[in-house]
Each structure stands twice: as C-alpha cells, then as structure tokens.
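The two complexes that follow have chain A in common; it is paired with chain B in the first and with chain C in the second.
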Partner chain A sequence: MAQQDISQHRFTDGKPNLRRFHQAKWDEPIIFELSCEGQRGVLVPEVEGEIRKEVGDALATLPESMRRNQPPRLPELAQPQVVRHYMRLSQENLGADLNVEIGQGTCTMKYSPKINDQLAAHPKLAELHPLQDEETVQGILEIMYRFEQMLKEISGMDRFSLQPAAGSAAIYANVSMMRAYHESRGQAAQRDEIITTIFSHPSNAACAQTAGFKVITLYPDEDGYPDLEALKAAISERTAGLMITNPEDTGIFNPRIEEFVRVVHEAGGLCAYDQANANGVLGITRAREAGFDLCHFNLHKTFSSPHGCGGPGAGASGVTEELARFLPLPTVECDGERYYLDYDRPDSVGKLRPFYGYAPVILRAYAWVMSLGAEGLREAAEIAVLNNNYLLKKMREIPGVSAPYAKGKRRIEQVRYSWEELAQETGVCSEEIGVRAADFGVHYWTSHHPFVVPEPVTLEPTESFSRDDLDEYVAIMAHVAEEARTDPELVKSAPHNSTIHTIDHAPLDDPSQWAMTWRAYLKKVGRR
Partner chain B sequence: MDQPTVYPYIPNSAPAVKRQMLDEVGAASADDFYEDVPEELRLRRKMDLPEPFLSEYGLKRHVESILAKNKTTGEYLSFLGAGCYQHHVPAVCDEINRRAEFLTAYAGEPYDDHGRFQALFEYASMMGELLNMDVVNVPTYDGFQAAATSLRMACRLTGRREVLLARTISADLLSKIRDYCKRSSEIKLIGYDSATGQLDLDVLEAAISDRTAAVYFENPSYLGLIETQGEEIARIAHERGAVCVVGADPVSLGVLTPPADYGAAHGADIVCGDIQPLGMRVQFGGGQAGYIATRDEEKYVMEYPSRLFGLAPTRVPGEYGFGDVAYERTSFAIREEGKEWVGTAAALWGITAGVYLALMGPQGMAEIGETIMARSRYAMLKLDGIAGVTAPVFRSPHFKEFVVNFHTGKSVAEINRDLLARGIFGGKDLTAEFPELGNSALYCVTEVHTKEDIDRLVDALKEVV
Partner chain C sequence: MKAAEKKLGLIVNPVAGLGGRVGLKGSDGIEIQRQALALGAVSRSQERAICALERIEPAVEIVAYPGEMGADAARAGGFEPTIIGSIEPGETTPEDTRNAAVEMLRLGVDLLLFAGGDGTARDVYNAVGEKLLALGIPAGVKIHSAVYAASPVSAGDLAAFFLAGRVSRLREAEVMDIDEDALRQGIVSAKLYGYLKVPFQRRFLQGLKTPSRPGERAAMAAIAADVVSKLEDGWLYVIGPGTTTRAITSRLGLDKTLIGVDVVAEGKLVAADVNESRLLELLDGRKAKIIVTPIGGQGYVFGRGNQQISPSVIEQVGKENVIVVSTTGKIHSLGGRPLLVDTGDQEVDEMLSGYVRVITGYDEQIVYQVA
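Then we have the complex of A and B:
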C-alpha cells in the first residue's frame, strides 16, 4: 500500500490552511499549592566548624526585636518540582521565538540572535562587579565606548548615555536634562510646559509630568500628521520643549519635522526625539539633520535585545554637544589607550540608576550592530519597511479593515489599522478579534489609550519575518473577520484554544476582591 | 559582480523574494517608501560604522576578544558589594530565565502569556511572605527607582513635600532621589550616631514636622549595620502623620524582622529595595531590579505606578486567571494623569527571583541569612585583629557588609591596588563618599566566601597595610 499523502490535506486552493494551534494548558496550581513540608530545592553552603567556633551564635548579636520570629511562609519544594512548575509556566507563554510576533506594534519585536544571548551570559561579563578597578573592566568599558560611537553615527548626535534602564527611563533622562538646561539659564520657573503628540508614546507625557512639567498634547490634523498650526498655537515663552516620535505610532513620517523643531527653537525650547520607532529609518534619516537636541533609542527594540516578558531592556539617551554636560553620571571615556568612567561632570543631572546601564543588553546591541554593519542596518530598515508596506497591502484586502489617515501614502515601520467598519457591521470589536487571534497562536495589540483611531490594531512586522509569516498573519486576520460575520459569538466567546478561558475582570478593580499576592487572596476567600 | 549579502536575521533580504515583494506593492525600490522624508533630511551616504563580522563565528571571536580583557569575580577574590552582590546563583535560576518562552516574550495579554502572569504573581506572592506584606509590584527598574518612587508615593499619600532620609544611604541613591524628587519634594538628611551608625533619633525628632511626608532608612543600611530602632522610627513618623519607608535587602529577611513588623503597631508602611541578591548574577550591574511592597489598602494601591498582577476567576470553575489590577491608575491608561509612568522594566528578574525563593524556601532563607552573618562576623573579627585595622567601625550588629578603617597611613586606594596585585578586589573605597569615616572601605562577605577566602584576605592585608 502506498503511503498516504498527508500534506495534501494541509492546503486549500494551493494556500496553507490555518494552523490547528492549541496553547499549552497544564492547569498548573499556584506554587504554594505544591508545597510539601520539609522539602528543599537547593542547599546553602555550610559554615565551617572553625568559623562556628570563632563566631558562636551569629544571630546572638541581634536584639530580640530584629530577629525574625516567624519564618516566612514560602513554599517548600524539591528541585525537580520547582523545575517542572516553571517549565510548565514557560510553555504557557508565547515568546517571540514561537509566534509570528508582528501583532505588538510599537514594540519592534524582532529576532534576538542566539549568539548574542550566549555572549551576554559569558562569565567574562556575568561575573563582573560594577565597582571593580577600572583596569579589570577594560573589556566591557570598551564595548560601551564603542557602542556609543556607533549610536553617535546612527543618530548624528554628539554624546550618549547608556545608563537609562529602558525606553521610558531614557525619555525621563531627556526630560531631566531639558529641565537642567533651563535651570542653567535661569528659566526653569518660567518654562514649565512640555508639548507632545497623541501618537507619541504615553511615556513622553507621563515622564514630563513626573519631572514637574505641565503637558500639552497635540492631536493630528485631518491627514493624520502632527498639526503644525496646533503646535504654533501651543508654543509660548512657557515652552520648555517638544517630545515627539517620528514616524509616529501610526507609521506616518512627519515631513514637516524640521519646521516643528524650528518653531520650538525659536520660542527658546528644546526638542527631544523619541526614537522608539527608529527601526524603519536606520541609515535613512537622523535626529541631527532634523535639528533635535536630544533623542533616545530602545536597545531592546531597534537593537534586538530580547524583551524578557517586560525587561530588562536598555535605553540610550543622545544629546548635542551643548547639552552633553547634563548627561547622567558617569560617562565612559577613552584617553587613547585606556577606558575610564568620568565622574567629574559638575552640571550632570546625576545618577539615574545604579552603576552604568544594563550591560548584558548593551553587549547584545553592540553585537547586533557588529553583525550587520552600515549596509546591514540599512537593509534591516528597508526590509522592515518593505514588510510593513506588503502587510499594508494585504491587510487592506480584508473587508472591514482600513488604514486611517495619509490616504495613498506609504508607511514606515508600522500601521495603526482600524476595524471600525467590521465592528459596525458585526458588533465584534478589536479587542475581541485580538483574543480570537490568540486561538491561532499569535499576539495582537490594539493601541495605547485613548483610542484615537477607532477599533485599532497596531501591526509592526520588522525585518525578522518572512513573506510566508506575513501571509499567515493576514490569513488569520481575514479568517477572524469572516468569523465575525458568520459566527460572531464564536469570536466574542474566545479564547477557545488558550491556556485559560475568559477572565472575569471585575475583581481586579474591586478593592474588596483584588489580590496581588496569594496571601491576600487567601485572606479574601477566608482561608487565612 | 558582487552578490548582495543575504542576512540570516533578515529573511526577505534574499534577492528573489525581495524583488517579488517590491513588485507586489508596486515599488521600484525601498526608496519609494520614504517619500515623506524630505530630501534635506536624507542621509545620502553610507553610515560610518565599523566593518561587520558577517559570520557568527567571526562575531563571536570579535566580542570574546574584547571581553577577554575583563578580569572577573570568578577569577579574583572579591569583597565588593555596595548595592550589587555576589551570591550563589542556583543553576535552576539561569535555566528558567534563559528559556526562550520567557526571554523573548514581551507584553502579551493573559490569553497568550498566561505563564508570565502566573510566574510574576507568584514572585510577588513569595516576596509578600518574605516581607509580610500583601501587595508587591511587578518589578521596577532597580532598587534606586523603587526607593525614589516609594518617596513620591508617600508625598502623594500625605499631600506633603518634605522627605527625611537617613544620612547613611549611598551618595548615588541620594543623587537619584534628588533628581527624581526635584519638583515634588524637599529633601533633608538625618544624621547618625558616630559610634553606632544608628539613626540619631534626637535629630529626627527635631526635624520631623507636620510637613513631613516620609521618613526613609535602610535595613541593613548601605554601610552594612542593622538599624535596631525601627519601631521607634516608625512611631515617630506615624505620630506626625508621615509614611515610614524602609529599604530592605530581601536576602536578609530569613533572619531579620521584616520592616512591616517593627513594633506591635504598624512598622514600615512602604518597603522597597533591589532583588538582585535573589538569583541574579552581578553582570556589571545588569542584574538590578526593584521591588515595592505595601499593605493591601486602596489608598496605597492606587499610588503605585507599576503594574500589579492580580488573581481572577475565569468562566471555567477552578481555572486561575490573571490580569492587571486597577489599570486605570497607570500612564498606559491615562498618560500624564497616571502615577509617574510605567513601561518595560525588569520582569525577567522578577520571574528569576521567584524561582530563587521557591528553591530556597523558608529553611533556605533562614540558613543563608545565618550563614552570611556568621561568615561576615568571622571576617570582622579577623580583620579587626590586624594592627592598624578596625572592623567594623560601628558598634552595631551587621549583615553582609561592614565598614573597615585603615589607620596605617596607607590610603584605601593604595591598599586596594596592592590587594589587586594579589588577586583580590578589596572593599569599596568610602573616603570620598563618607569623609567623616576617614580612610575606610565597605567590605562585603556573603555565603560564597569560605573560611579560606577570608583568611586569604586577612593574610594579604597583613602584608599590605
């Protein structure tokens, strides 16, 4: 008997069928429920007898009030059970290595090369203490110094700090430096307003507020571009600066960006460029040419370091020579032979985090640039943009979806689509489409709040995804849209193939029910 | 003719598919996509970057050749701490945080990334047991950020501006707080008793007023001593309606009283710190991550900027679901109207710290605390026996770190240079940071330091000082 042609059943009209996905479902207990009295997961090195003899009861030095009298009620597990528990939880998590990760627009979910992970875990970095003598850390200082030189060329700015802990921390660093600049000119009290746009990341507004500024948010003009007239109306002698993304989260590049910068400069303000969306413009256009005073990159986005379920990432803040004296402490310098940390910077905003930045993330970012070079970086940008425009064309072929604004224009790195038409036709909203998409093994994200684009979804395909990957994602979107028409309840009752089913969100906003820890939960259900 | 480079990380850099996709979207070249970028903003030259190592092997050789210039705590005997600690990292911690499902995931919803939500909920739950508090956040960037945010939470809670900080905190943390609280708070430092290092309660009583939002101290302090007046400090703060904020090293809490339990009444109201000691390698400072913990009171919960993951039922009985608690307080939801901001922080280190606490359990945490106290006590006794050396400088109980004073005429920098020549990283030089302590350094001894290691330090110092 001939072998059955299994593969023929995987295609319809020459196109691959949708994946019959089901997320791992271990129905895993909370770790406290796995506890068994007396079990141990790892043992602590024993104190030598000689030390015991010399020291006696080390805890006897503690006054009674400082001696813990009730042991913490931590779970007690043997090592295999700890490993199995966390392996199961890991399987119930859809990392970027597993899915066509284009549904988290603005996050620049690109492939994180494995060799870079190996290098970041190298003992020559992992076992390096940040306060060692400079002579013993020349390697990592060289990496940081060299990476700063690269960022200077990529952005055109004059100096960088790699200290900020992530993108928003770099945004904050930039606001803090803007504040220091105005203080140095005796204008801090007067210049108390920061202007941003609604399609710039919310952290621009939030960090400005945190640093003590009043925030003015500009809405787009009819075509979706930042509104120059609105900027002119907002600008005044109170303007401390502008914090803006370009391309914005709609994927639209603001062609008048130079004029925005000029208007702010003429009013005495500074301009900070949020380059979270830099991936599509690497080697194409830079902060310097547009006249910015500050900018920042997210090394875990544009520069490929993995996202770690929400960090650690790393931010890099770049400034012009005029603002370099305000950079966080310390900077990394080179005297031609050796690398060193420079703390002698009296105008600095000071320390923004312990030590000097997330070294393993910086190392990965350096390795990523060194694997591509100038041509490769530009190729990454161009392919990311090609992928995005390919996706745009395919998405527009799905009835019910649109790409608001900038009609007939290309987009840069991402697009904020709208399912408004489909929602009006079927009653199925964007969030519900996203939950149903999870049934096919992909992430999906709507938009930051407020939803200026109705029923939004933001897709950013980066350079890491193949044409087949993009086609698969579009096929999932088309399928779910069709389901919304033929069987809306199926979509609304999703997920069906996930680890869990629809969550009741009410307890999460009710102080009498919410539980951020197991102990709080046990108290609220009357078991502790 | 040169073939175009095909990049392994960029699938559509293969010429055929690239051409087909350009044709599909009606573009002659990628240049067409940048029509909105004005000519004067275009970089019409190749960026001036180093030549790449296109092969993975070449890249590996290149990066390793630079890293080879480092000398590590694995190769040298290190007594450095001061906020970044060399503890044993159980192999399981590395195994779990290198799992690609965790390492490469980002901000998925509970239906995609249930495992991340559960792992972080469990992390918070185990920290809650260690701290004896009911609310713990998804980690913020680091202990500095946790302290600075805790102080701003206190200012918002009280509607007051003044914060009183123990003078024994590190200069770097003070610098961070001065920047972060510049527009929200006035900062005053409270001195310490020169003999014991304990907070000077008379100075605190004189300084505190109805304008005080928070009193902040650390336990153990940056200088390693254990503050034994937690109950009194909390009482003084509470009598004036101020919030008592305590920074605590979580690895000490198997043996030390958690700050929430100072005294019979409420002790600390907000506890914060860095979880790097719980399973993160030193990584040149790359293992830092911050925690903030409070009681489960709505007014406290609503002041957190961070994400808080809570347990919730699903429509299937017995199924655990998770989601964001009180999301509407965050900058994700309401931009500048939210509390400070939230963004990518240090979630993977939170998951790792959870693994660490699950492995250690109550017995492991008690043992490691006791072991660290025994080993550091042994080191203090031995160092103090060297002529011209005093250890510890402060007459107080210590945990893990202690100040060593050298009075032989040789500076700490010189001593550390000579120790380095003997393969030892001496303690952090405190002469600029705490000039009142004279020629002193901050030494750190943990469970990784054997008797032999400590004796080696003592022998070296006998020669060097």
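Then we have the complex of A and C:
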C-alpha cells in the first residue's frame, strides 16, 4: 500500500477542505414531560434528632401568608435521567467552543480562556454567598474595586458601577441616571426624548423605552454615517440625551462623533456611549475624550467572559464625576484599609438587581485584563481590527458579496455585508446561506430586524481567530455562494445535518402564539 | 390538506408588459396594444407565468382560461389544466380577466395566481375584491401594486408554500395604478384602488426587506395606540387612506374609508370619504392635523392616492400639524430612498421637504428625510 499523506484528508491542492458537520439528533422531550411523580435526584437526609431539638421546626418561622398551598410543579427525576437529558441537549448545539464563531457579529464572540473559568469555579469564589458579611468577602470586593480602577483608565470616566447584570441592564442604568440628572435640575418632565441611531445597539432604544422615554431613531446618510442633519432636526428642548454606538453595527466609525456630542450638549442633553463591543477601540479611543457623560461595557463581550448561554453576563456603567451621585446601589469603596459597600447614596437611581454584581463574571474579566496588561489590551484591539479588515478583503473577493457604505474606508471590528447581488442573481437569500453554513459547522447571523442593509450578514472575527480560521470561514461562504449558483435548491433546503430542519418563522411574529414557560405552553394548548 | 388536493386558479394577461420595451409606459387599451405590437413588442407574461409555475408541485390542480390566458402556460409548466371559459385568441380584453376571476371565485380555487401588471391587478380586484386570495406574478410595465411578488420565481415559491399549507398569514396588499393617459403626457398620477388579500411570508415579498417583528399588525396597533393617546379635543383630524391609518380609526371604534380621506374630531367621525372642497369647507377656521402614511415601496406621503389632501389643505393645516405614521417595515422597504411628496404645488412640496418625524410605534419615532 502506498504511503498515505496524513494531511490529505485536510487539504486539496494545498487548500483546506471544508469541515463537514453532523449534529446529533435526539428525540428528546421537554424535561417536564420526563417527570415521574415521586422520583428524586437527591434524597435529603432527615435532620438529626439533636439538631431538631435545638432548632425546632425551621419552617414554622415562615409567615403563613408566604407559604405555598401546593408544592411547585417541578419535574421529578432521578439524577442519571437529568444528566442524560442535558447531555443530549448539549449535543444538539453549535456552541461557541465548537465552531469558528465569527458569524455572530456585534456579539464579540471571542475565546474565553479556560483558566479564567477555573478561577471562577474555585471554591474560594464559588462558595461565596452574597449575604456574607463584608469583612468575610474582602477578596472579591478588592477585585471589584481594582477592576473599577481599570475600567476608569480604559474609558476615561470617573466612576463605574459593576452592579448591572448584563449590557442592557447597564444601558438601563445609564438612561435612568440621565433621568435622575434631569430630575435634579427640574427638567425631567420636559426632557422625555432619547435620540439613537438605527445602526446603534438596539438595546439603547429598548432600554430608553422601558425607562419611559420616547425614542427618536436617526437614519444614516447616503454613506452610512449617522446623519448630523437628522440629529439637528431631532434635537430640541425635549431631548434628554443621545445613546449611540461607535463604531456602529456596520463597523463604521462615526467621524463626526464630537459634533454629535456638541450638538446634544448645547441643547442641554446628556450623551451615553454604548460600548457593548469596545473590542476595536480598547486602548485607542476613550469615551471621555469624545466628550461623553456616560458609557458602558459588556464584560461578556469585550472582556472575554462567556456569553449568556455559557453563564450570566455582566455590564459596567461608567459616568463622569458630575453624574457619580446617581450610580446604582451599592458602590464598592475602599477606606484605605478595608473594602466596603456604600448604600448611603441618597441621589442614587437605586438597585438594578439584588446584591452587588456577578462575581464570577467580574473575576473572569479582571483576570483577562490582568493577563494582557495595558499594552496587551491595545494589541488585542489591533489584532481584532486587522482580522476584520483581512476578512473584509477576502469576503469582497466572493462574487455577490458587498460591504455597503463608507466606500474606500477601513472598518473597525466588524462589517455588515450584503448578499443582495447574489440574492438577485440566484434567489437565495442571506438567511438561507446562514442555514446552509451550519452544514459546515459554523454559526452565521444575518443582523437585527428590520434589515436596513439588504440580505445582511454581520461578521466579527475578534482577535481570537487565526488566519486559518478566517480562511476556513471565507471558504465556506465562497462554497455556499457557488452552490447558490449551481444548485440553489441544495442551499434553500438546508440545513441537511442539523437537529431541527427549518422552523416556521410566522409564529415568531405573532405574540399570541408565544409561550415563554412550560406552564404557559400547557395553557395555550389547552391542557391545563 | 395536502397540496395535491388544492386548486390553483391561473390567469395570464397575454398583453401585459407589451408597452414597456417599446416605451409606451403601459399596455392598457386595445389601441396601445396594437401600437405596441406594430412596434415589435413581445409579451413576456407567458414565460413569466411558466417560470412561476415551474416552482409548483405537479399534483396541484390548475384551473385556467383557454390558450394564451393560462392554459398554454399551465401546459408548458407541466400541468394538465382544467379549462374554463372562452376567449377570442389575440383579442383578449380586461373583461376576460374579470370574468375569469369571478368564475374562479365561484369554483372555489384556493388561490388565484395572475400574471400581469397594475391594470391586471385592478381587474382582479374589481372582479373579486377581498373574497378571493390572490397573488401576482410580475409581468407588466407598471408594478406599483404590492400584490405582486418580488419576482416570478418568488411568486411560484410563495404559491407553492401556501398550497402546501406552510403559509398561514394573509395580508392586505395595495392595488395601485397610474392613469396611463396622463402618464403618456408626462403626468404621473397614481391612485390607490383597493386591496387584495395575499398570502404573506416575509422572504417572498420584496426580499427580506418587508420585515415584521413583532408583526405588521402589531406594529400598526402600536402606532394607533400612540396616535390615539395624543389626540386632543378641539382639533380636526384629517386621516388619509391606508391600512396603517385604518388602525387608528379602528382603535377609535370608527370605520375607515380604506382608499379615501376621512375627518375625525372628538373621537367621532365628522365626514367620510371627503374630496378637496369638502375638506376646505370643514377646515374653515378650525385647528386641524393631517395624519398620513407613505405608500409602501414608493414612499409618497402626499400626491399619490391622497390627492384630496391638496396643497391648499396642507397649507391651511401647516407643516407642523402633519403627522406621518408608518411601520418600520414600510420605511425599510424604501431601501434608504427618501420619502416623497408630489402635491402638484412646488412651494408646498418645498415646504414639506427636509426631515420629518415618522411615528413608527408607541413612543417610537424615526427622523427621516423627505425629498
């Protein structure tokens, strides 16, 4: 037998072969359907007689009004069943650690170093309880305090709160602080409008609305830049503030950002910089120098903590000294010797959630910054931008792909591409290309609805991915585009190797068909 | 029900699109059609219909008018159609289209697929209104009507999806047409004639541009909630045509003239389907606001389908009292092009140009350019 080149299965004519992916498919019921009355995962031992004698009936101290009439209808299962159930579900997944995760632009899906997970899982942290006395949690308070100092340096702001549970919670904190500021000046009733842009992080519009503001959205000018004239048309004595992302979700840096801030300030409004993904500007630009009054970071994006499905996220809200009195409760302070939580802040917007911050997420982000140092952060940003512009060049070489707006300009950390040309030629749309990409084991995201860029796909390669990774992703895109021309049905009928084939989108548009919980589902189908 | 048990009506307007390539801006009227043929025009509606039919499962039963009005295309597309009615080959008329549509309604077809342009859509609308589900295969010179799919292939795919029971949502789509006589003299004047019920799936109508999360209807309800919460006593509200503005009157519990202009005050209907002179009469000495919505796909806020709201009416009410409402879907279907005004009065058009606040939801507005 001739000697086999072991690299052969990976390459053809020197080019890497596309990876084929076949997802596991389990006909796995919902855990509630697996429930069998009386089964238990853990049998809690009876309290020993001596303890019972000492403590009495612990439940007796619960007020009558707080007791349930019936036990909760939770699924009842033995441990092995639970383990099997979740193992199966975990296989029906295309998780961040499983694929070249650059196809979920705006989410900054960088690699989360495993050592940081180990730190977060360490009993010293994992066994902390948020109700512990301050004296016994000096370590995590010190980390929070120190991390705040780092964020101040990174952004130029004067104070931070690490209490927000996620990016949107931080944005909500910021818009709440804007209102508190206007209230303190007796202008809250008058200033009820928040201005944002269509390519800004959509959480800005959503949080401003949740906080009771009217939302005015600006559309881009012909070149895709936020339209300064539109801002001037929107601004008035009713403007509470501007909430804007930069670079926007198109990856285009707003060259008129200082002008935006000036116009809003002159009208008496505040400016909040959404830095949910600050990955392209770390160590390069700062919110403070651009004149912003507030900013926020997502620790699970730029700062490498895993995203929602991998554990909780966390947000960080930053403000200038003038607004610091409005920060959420509590702040973490240091009197020179010991760290403590300061709840005595009468002008604060209050608590966003119980306790003082998601300790494991903050610890991971702290560890990530410490492992890189100031120069490392800047280098991470530079590599992210380099990766993105390399990808941009490669993507543009695929016939049918374009990168609308800002012609001739480099992009920052991501690009919103358009397959419009390919769609017109072949009838295959972006969503279908994305679904077909799953057959090659990579994730792909179009963009937020509604699609302003036609047939969009948003790619953000971060600093985590190698040139080979990027080449692999581009090769998949080129391959699928070619399929769209030669065998459009193959693409339109994808995915071919996934757990679930395609889902009907119509119910997603129809709140009357939604069920967010098992109980709501049973109600809707009339079973209970 | 399986696709095999479904009945699809097919009408091909054999003269649709004749005028386009020879520069006649339309094909309505037998004289124009003869003129077009003399100029060497070729109808594209057959091949476009075939293109759509090729997307449909052969097991579907097709009901068609004879020859060039459907049967030919159906056979070329691989079907053995059930043929009804009779025509004069080479001399088909709008009357034939209307008769065919009425007959198909009577036969209970599940969907009427028709190839043509705005004139054809009008004929179908005049014949069956909203009683029959319909969908257009774009083949005409003028395609202003939203009842047409983005392309023949999309029309076929959407019809196939619908027949397979995979499309459950319907929407009312505009039937628009331009006065062709006026157009040939260089005057563009489009009119909203009514609405046809079409199957709706995001991806087939205008690509993925016409979105709807959480749904066009929910978006309209949110817009209506916003506008209604801000109505004030003592003001007259001039409400233009459209399904978005209808959501506002519905919230008030009032009927709306879908393709006309109504006037509302203190939550009550003051006058329905008014013309310009009646409007001016009503406005005399009253504070008033105009509520309008752009025409989908075109972006006209004034001058198309709502000419009753004339330059004099707009001047009297004042720019600051014009309320523009639109779902974000409709705005995005403009693909970044500005909103348009064409009132017929240059000064009024200029007054209206610049940036306008468009109400897109409850406490949601966008600032958008008007050219």
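Convention: the second predicted complex is superposed on the first by the 449 of 528 C-alpha atoms of A that agree within 3 Å, B and C clash if a C-alpha of one lies under 4 Å from a C-alpha of the other, contacts with A are read in each partner's own complex, and residues count from 1 in each chain.
Throughout what follows, a contact is a pair of C-beta atoms (placed from the backbone, for glycine too) under 8 Å apart; a residue touches a chain by one contact, two chains touch by 3 or more.
Remember, predicted model here, so these are calculated numbers, not experimental data.
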In the superposed arrangement, does A:Ala205 touch chain B (first), chain C (second), both or neither? both
Which partner does A:Cys429 reach: the first (chain B), the second (chain C), both, or neither? second
Applying the touch criterion given at the start, work out whether A:Ser65 contacts chain B, chain C, both or neither, answering first, second, both or neither. first
Quick one: is A:Ala230 in contact with chain B, with chain C, with both, or with neither? Answer first, second, both or neither. second
Which holds for A:Arg20: it touches chain B only (first), chain C only (second), both, or neither? neither
Pick one for A:Arg527: touches chain B only (first), chain C only (second), both, or neither. neither
Looking only at chain A, is it chain B or chain C that touches more of its residues? B
Per the contact definition in the header, classify A:Asp504: touching chain B only (first), chain C only (second), both, or neither. both
Of the two partner chains, chain B (first) and chain C (second), which one does A:Gln79 touch, if any: first, second, both, or neither? first
Of the partners chain B and chain C, which touch A:Glu222 in the superposed model: first, second, both, neither? second
Let me check the overlay on chain A: which residues of chain A are in contact with chain B and also with chain C? 205, 209, 215, 217, 449, 504-506, 508-509, 511
Listed in rising order, the residues of chain A that touch chain C in the complex are 198, 205, 209, 213-220, 222, 227, 229-231, 233-234, 420, 423, 427, 429-431, 446, 449-452, 454-455, 504-506, 508-511
Which positions of chain C touch chain A when the two form their complex? 151, 153-154, 157, 166-169, 201-203, 207-209, 211-215, 218, 328-329, 332, 335-336, 354-355, 357, 360, 363-369
